[in-house]
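Okay, so chain A shows up in both of these, paired with chain B first and chain C after.
Moving on, here comes the complex of A and B:
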């Protein structure tokens, strides 16, 4: 293996390669030949990425500057789709509720998953069975989940209303039938179905905390609550941040649960951006506007993703 | 000029006859009957159908007879969902893997785009060979495109906006329906619903969540509040070359919209209707929880029969007609010819596909596939009534009612969905929630009409 000194020596002999070797890569001992090999080996990956990611993205961007009904040639319209969208009240409303939906679900998922993971990690009674039960919603098909809860929230006959009725809170709430309340059951179902996966990830992070840290805290007199807030939470924060970021992105792009529960209604009150884009494309034949929505949403999510990764890295340091 | 008034038995008007004759002549000139090009080489045709029981049975029955006539033909089926047929199916029908016969709702963007981009094979030849335009009657006018071609063949007709009733519930509520089945006015509908509620039933079950039922009632009420000429104009004025003679802000439209608002505010529907789809509303009715259900003629042979067999429907339904919004006028049931079939230009077996489609709209195909296998009404008027043996009695009663009182076209089932149903439904939902007004919807519709005429669909 090439030593660090040898690398530095070669760097001085080959000034053009020096720029490369000044990066951190020199620490893993790659010489010029290895880098060329590595670049060559990466070509298939870049080709695949270009084919399956790059081309669709380029196509979507091109489409967002065009008028297209789903068939035939694209008709360039410049920024028209974007200016139409920024002037559209429904787009502004959908953007707001999409952000509300994504952040509510993500925060709810991470918060509940953390509490459940901490409880299982603390070996509460029945923790082994809870580990399985809490993961079940995560493996249920989203459509089945949405149909189940769509029935569950029906007035009089739904299970939620039946339970509320039995405890004296009224059994005829029609949450899904009002544009004021329809988003809340959707957020609830979003959390319910996603919490299982986050629970497992966060449980894994908690169980990575060295036992000696806890033992030291116990010796110092910290109770369980103090251990949770002062030791567990700070140590798993990078994982929580990544989970939060991923959950925001997944929920933001979610379609199935909302579509199956409300089809975006009543009166477009739960038309989050993916549903609005679907309707624009397939109901109204305005694929250009739908693509512009996708581009705007994509840029927003890239910003969210970058912030999440940056925060997580700074926490890890 | 389009004629939208049925009854089905009405003789073809002079206009329709001229148009029909022109179409026949054009058909003869543009393409010969497809059968001329048929051979005996083995061929496999793919036919799309919607994932509900009746269309599948229809095509299976037709395929069985067709393959008896042509043993070299094998027919395979490709199922699509109700949601996909009006949207994502466009990509399927225009792809290299397109089926030989595609399902094309006439009021969808799929049909608009396929016709606009010449992605369907003209049917003039097969229509001319069997006099199909005349056999379909006036509704064939709406099938004819600006280039003089026909690209889609309807397979059946259903009637929607039928108020199915639960006689047991109505009796308990002390409600007697008018002898002619027509509710007199909106107030009467509200009063009936209130009586039902007192007796422990919801008034009218409807699936407000689904994207079509909110605008159904508009389809029923609007034609009773405007003249036939105005209705024709509302249906056709989205086309750039059609002069606008009827405005969406006119009094008849506003009355119809206000009636929908009044009905919603009057507590006519079951609780939570805006969160329920049609299937849920149907189950609500068949399980005896409501006095009425907003539905159509496909239900007695479908959900009603299934629920009766399962023991959850314990009554024999009756029917009534929605009220008119103009005193002295009558609303009617609304015919729907909309789920038609066509041959994509990407079909690899176009001649055979045309022949199969021709068979499906022949009298024999209609009898075997539509009447006998799926229990719907044929799209053509030349199948004798004596063949209506498999249609449930109550559906035949609805047909008799249509023959007596007529049936008028529904706006949302005639115009492209992007301008019609998809646009109007959320607005009606807002109206039902009290978040907009009839006047505002009128203005929105008028603005949308001008936008569509300017930009196209």
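Moving on, here comes the complex of A and C:
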């Protein structure tokens, strides 16, 4: 039926063309028989998404209400896992640092990416080269860059400390060895590796601002800073909000960088929830508690996601 | 005057960030080619006789069947499978979905979109359980299927956005020539979509190449590990053979970067087009 409507709307634009198509029933053919193909093509999509996303989520929820050691049948325990977790000091600490880690990285990434995008779009030379180079940290395997940085942060021998020593800031900072400070290098690397992607997205948004708008501002005598705060920033705020939301979610989920830098240590001081859940399941064989952690994290992420989407929508209006 | 000052600071920021991005890669390659004793004695020195043996040491490091060469093969198998699955399933579906009536179309979109937000943390334990049950643990290809399926939602959405704007005139011309729907897709649509398919495929490739969260669970035996997991054996131990460690980091990090430089046109386009989703 839609195909017919489309034909009619087309007809009003190009009367002759539309009539030709209708008389030969060709236009209807294009949509009509393709609907069947669409159904065929979509079957594998839905089957696979159900098997690899739907079922596992249901399975996780089921596991979170059970005790399971990796073998044999599940033993239902009701809310036991959850009440245990809410009382657990490590779980509370991990939740706190996961949120701290995710928000610090996301805010850092979006702030730096926005400043860089604004600088580049204000016609810094070599525009295209920066687009390519700044994405390097996002391309290289996270395991490799994380190992590089954790070696760099070693006291005395690490390259970061060597350089700090050379410029007189002291070369014996053992950030990763102390549970007080170990999270900061991890946050730094998280930001370092994610800025490139956010930069490309935000630059894309800035470049979509019509040139006429900027020209008008320039004619009115707005300087670069005024243009940035009064024109660019308000217009790209929805994209920044989406980017911020996604970055929070990705970092919250981010296992690789933290695991490769600290494996959650020292003394679980950098065990963000994905790492805590991984250890709980695959080191200690407590799959039920691990699943409960995952469910709690999943609920939190859903809340963050829906707030972020709602905020960016209301901005767009 | 303030305008000049602003230019100065923005240039300084741009150059500073570029240095911060490039220096780690420089040091990885510098230390990878440097004799370990030199790394300790004079880390910043750039004049030294290269120790190419670092690379062969790194390449052959590890126990028995778990060397870098094996990790590479495993990564190729995993990433290749992921690409075949995600592109093979999502591209045709994304194309034919554009013909669905609006209501059905919206339902498909919402379902697929929901697939992009499921966090990996909710998936790894059930994945382990199911793969274990069916004897699929420690098989890079089987793990690649999981990566492929997880990439389907994003691939679908980015390709669909591209096909929606595909010029209908071309499809109609094919129909007038008497081509079947499948032939139109294969002969007309696919050849004209190569650029977009490459862009989207690279996003999947980067992710599957680097991720360790799922692989560390599904590929636990040493001889089945991909680079992202195998490399972890280099982590934490910076006391012994730094030269070998950094040679290993070079081997792992440089190929994706070179591939990216060659294909960067597609990557930046892919991100600009479909923007945000992973």
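Brief remarks follow.
We take it that the second predicted complex is superposed on the first by the 264 of 317 C-alpha atoms of A that agree within 3 Å, B and C clash if a C-alpha of one lies under 4 Å from a C-alpha of the other, contacts with A are read in each partner's own complex, and residues count from 1 in each chain.
Everything below uses one rule, namely that contacts are C-beta pairs under 8 Å (C-beta built on N, C-alpha and C of every residue); 3 or more make two chains touch, one makes a residue touch a chain.
Please read these numbers as outputs of a predicted model, since none were measured by experiment.
By the touch criterion defined above, A:155 lies against chain B but remains apart from chain C after alignment on the C-alpha atoms of chain A. Of the two partner chains, chain B is the only one touched by A:69; chain C is not.
In the superposition on chain A, contact is made by A:141 with chain C only, not with chain B. Judged by the touch definition given at the top, the superposed model places A:182 against chain B, while chain C stays out of reach.
Contact with chain C, but none with chain B, is seen for A:242 once the two complexes are overlaid on the shared chain. More chain A residues lie in contact with C than with the other chain of the pair chain B and chain C.
Using the contact criterion defined above for the overlaid structures, shared-chain residue A:282 touches chain B and also reaches chain C. In the superposition on chain A, contact of A:80 is made with neither chain B nor chain C.
After overlaying the two complexes on the shared chain, residue contacts for A:263 are found with chain B and with chain C alike. Residues common to the contacts of chain A with chain B and with chain C across the two structures: 150-151, 154, 263, 278, 281-282. Residues of chain C touching chain A in their complex: 2-3, 6-7, 10-11, 13-14, 17-18, 20-22, 24-25, 27-28, 31, 40, 43-44, 85, 89-90, 92-93, 95-97, 99-102, 108, 111-112, 115, 117-130, 146, 149-150, 152-153, 156, 168, 171-172, 175-176, 181-182, 206, 209-213, 216-217, 227-229, 231-232, 234-236, 238, 242, 245-246, 249, 252-253, 256-257, 260-261, 264, 267-268, 271-272, 275-278.
The residues of chain A lying in touch with chain B in their complex are 69-72, 150-151, 153-156, 172, 174-179, 182, 262-263, 265-268, 278-279, 281-286.
Chain B meets chain A in the complex at residues 86-88, 90-91, 94, 109-110, 112-114, 116-117, 119, 208-211, 271-276, 280, 417-418, 422-423, 426-427, 429-430, 432-433, 435, 457. Only residues 1-2, 21, 26-27, 29-31, 33-35, 37-38, 40-42, 44-46, 48-49, 51-53, 55-57, 59-60, 63, 112, 115-116, 118-120, 122, 124, 130-152, 154, 157-159, 162-163, 166, 192, 195-197, 200-201, 204, 223-225, 239, 242-243, 246, 249-250, 252-253, 255-256, 259-261, 263, 273-274, 277-278, 281-282, 287, 290-291, 293-295, 297-298, 301-302, 305 of chain A touch chain C when the two sit together in their complex.
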